[in-house]
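I am attaching a structure below and will ask some questions about it afterwards.
First chain written, first letter: the chains are A, B and C, and each begins at residue 1.
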Amino acid sequence: MAQFPLNAWYAAAYDVELKPALLARTICNQKVVLYRKTDGQPAALEDACWHRLLPLSMGRLEGDEVVCGYHGLVFNDEGRCTHMPSQETINPSACVRAYPVVEKHRFVWLWPGDPTLADPALIPDLHWNHDPAWAGDGQRISVQCDYRLVIDNLMDLTHETFVHGSSIGDRAVAEAPFVATHGERFATVTRWMENITPPPFWAGQIFQGRGYRGPVDRWQIIRFEAPATVVIDVGVAVAGTGAPQGDRSQGVNGHVLNTITPETDTTCHYFWAFARNYCLDEQRLTHELREGVARIFREDETVLEAQQRAITERPGYRFYNLNIDAGAMWARRLIDAQIAAEAPALRTIPLRPAA
Amino acid sequence: MAQFPLNAWYAAAYDVELKPALLARTICNQKVVLYRKTDGQPAALEDACWHRLLPLSMGRLEGDEVVCGYHGLVFNDEGRCTHMPSQETINPSACVRAYPVVEKHRFVWLWPGDPTLADPALIPDLHWNHDPAWAGDGQRISVQCDYRLVIDNLMDLTHETFVHGSSIGDRAVAEAPFVATHGERFATVTRWMENITPPPFWAGQIFQGRGYRGPVDRWQIIRFEAPATVVIDVGVAVAGTGAPQGDRSQGVNGHVLNTITPETDTTCHYFWAFARNYCLDEQRLTHELREGVARIFREDETVLEAQQRAITERPGYRFYNLNIDAGAMWARRLIDAQIAAEAPALRTIPLRPAA
Amino acid sequence: MAQFPLNAWYAAAYDVELKPALLARTICNQKVVLYRKTDGQPAALEDACWHRLLPLSMGRLEGDEVVCGYHGLVFNDEGRCTHMPSQETINPSACVRAYPVVEKHRFVWLWPGDPTLADPALIPDLHWNHDPAWAGDGQRISVQCDYRLVIDNLMDLTHETFVHGSSIGDRAVAEAPFVATHGERFATVTRWMENITPPPFWAGQIFQGRGYRGPVDRWQIIRFEAPATVVIDVGVAVAGTGAPQGDRSQGVNGHVLNTITPETDTTCHYFWAFARNYCLDEQRLTHELREGVARIFREDETVLEAQQRAITERPGYRFYNLNIDAGAMWARRLIDAQIAAEAPALRTIPLRPAA
């Protein structure tokens, strides 16, 4: 069975990564070359010349067209060959696949499936990443694991206690009850830890906001959007000031934005950002938080890559689920449903459609 | 056909390697985590958490129990889960495999097969490694070859002439006659080289013992114990003083102890030691001999790993045997008989027995 | 289908590479050990001892015989075992394969197929490499691609425009018409570029020859000799002095000699030389040209290895051909015909013929 739906938007690059230059990247097992056009819009082509398969990313950009670095065939941003060496007539079949790409919420999104279904309205909501009411930044990292292991990881934050004990984890996370709900494209896990001593990371943040050092009410509201996006609404407020009931005015709030793109069956591109609603102008804090979250995610990477190696060694192994896996189970079901909904035919879309 | 019996004791660690800490090791294609308990006894568990397969060796030891580094499941030394995060009831099937382990003759022995057959009386005899009448030391090395190639190597010392010409090899070894015998679990090769000039290694030893520089009677008595242990009784005595007839009083004697543990089908852990019956208190000599033998074994490693690569490139190649291979042939037959004696069912022991 | 004929001479080493020492090399997926005998003639044996498969190249040369580095078996230059340890009688089947080898045109040629068909008259003509009317030198490089990709590359020099723009490529090459012809073992592509500004490389050469800085007539006459040799007659002459009609007296001329030997299905040994007919005594120029051509070929290597990776990722991909591929197409057909002409039986020649 396929491991990811193809009819979906996946983050292919952070906005700053895309320049008027050729960028090679593998998305859902497909080799793609991305570039920014002269009008600033993104473009994406199959990264293999129609003629001899040389990666087009080894050639050069000439205006909005790509010139192959071997024999000089030229392809426009629709993938059509516009020049061949030593011949006037261009073979009409000469084209490479062009992918739908859209830039939104600071990411360049690519649709690897049927292009006629590529509706920009389906791009996951990560507006916090460019909303002026929020400040923050993030990055892309490569993780050597199935993208779904990252989702499992994010859907159950119990692991913070064991993996991130020195920053955001404490006994409270592993012990607090949670509620899991789901819809057709969404699954949500909500956990409130009331009147607790904040773990080191949050103690620093709430002090920063208001110089408060006492107990807090802490929340984690994890929202999965199929197939590969997880937004986590996190924060702490002065204990007993009504945060669980909706009044977050005495607290600090962040959104951990995560969207994970399958690179191959066992590797992925993990794009994340941390956006906060306090101290918006403090660039030093933005920097500090990005580094702090990056450090935490490296702890996850070590675990996720070890888990992938263990899975690869035991093909067909079926996992046991605990109570804490409720959120991940729902996320997996929504992903599986998307995969099942794709006609088997789609799975064999020719890399090069007939001209 | 399987390459090694599972119902056997294999050295999993040198005694000094095992501490109150988690040690990951692969034995007979099985990932194992070893540790020393608070009472000093060894313990060994399957190195994959029941829940998400993370290697338990990435977690931490808490008393005699292992805490998984991902979600904090706890397993005792019998492999049973004693704690799960965020739930009171523990799934009764939650366990990992526990292996029989015994410490003896300075090695920690592990039984990878049916635990009900794990009789400590079957542990190979390597008593020279801790007998006060003998002094010496050894080490564990990783060799990238089928463990049987090491046994072939040890069962025919003709190779010393060509591989170890600068230390223990000379024409005498390749030319001297030998006698091969065998029983049900043992195979023996005996070679006497009488009245010869000793090779550099032995010239040094006999001089050390008694300041003698003349010709010697040299012996090599190789004893294989199925499936993977080889003890070589070696030494030289002043020529003509009756060593071949049993009087070794005018000589120096050592035992080369070797036990080889399959790591995978094409790699192994090679544990060895050199024990001598002279100059027992000279720690400098112990050090010198361990380094000298290590140097010699590195020459073997180069040959064995090249041989393994050649074998891997020619699947199904059948070897020709020479007269010198008599001992190795018997060792192979005893190994094959042990493998054949194991019910095919055993070969598919589930890594995780039903609870 | 096989990728190369076996009944053919392939360059196994440059003459200077072969010394009275053991040289390991893989030719057409066969491991070979080469050495120079005491009479200066080359010899080549299968690089695996009959007894335990240790590469003979890890042993040592004793006169014209090879002594295995494990148990000391000795093989003569016909591959027959002449000594075994600890036994008088030599098993008559004890032999390794010996290959026909001939030294000619500064290369050592090896015939990996049926030795009874190894006719030295079939060695490709590369006489420029040692003809006193020509001066030059070359080298062997390892390229991680199917040898036929190198041939494709050489049979269509259009790529010079895109891959070698800073040295020998210019628009003229990609735009000039060419003529492709072929015979049973040969395929030829001829391209004349008349009255052009020479590209940097040739501008330097013609200036060197005569201090001329004006337009030139430039030629490239590519001659493929099946299965793996390509000689390219290249040069420039003062424009309009009759070079196209046969009078090259006002020009400079070189021959790029190329012969490519399959190492494995996806790697090859690429032997090349550049021989010129001017400034014969200038050793500095020989050095400069060899370095210059080496630099150009490294640009090809990058492209060819990327192409091979792309092909490996898309098994069964069928290539589209352009007009410029006419020469390469004929070369491929001649190779395919040679492969087809070999009885299927040949493809399974036992590495070790019965004694």
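The criterion applied here is as follows: contacts are C-beta pairs under 8 Å (C-beta built on N, C-alpha and C of every residue); 3 or more make two chains touch, one makes a residue touch a chain.
Owing to the predicted nature of the structure, the values given are computational and were not obtained by experimental measurement.
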Same vs different contact residues, chain A with chain B, by half of numbers used: different
Degree value of the rotation bringing chain A onto chain C, based on Cα positions, nearest 5: 120
Chain A and chain B: spacing of chain centres that average the CA atoms, whole Å: 49
Per-residue overlap in chain A, given as positions that touch at least 2 other chains: none
Residues of chain C that touch chain B when the two form their complex: 31, 48, 50-55, 58-59, 67-72, 84-87, 91, 93-94
Interface residues, chain C side, partner chain A - complex: 152, 156, 158-159, 161-163, 174-178, 302-303, 306-307, 310-311, 313-314, 317, 319-320, 322-324
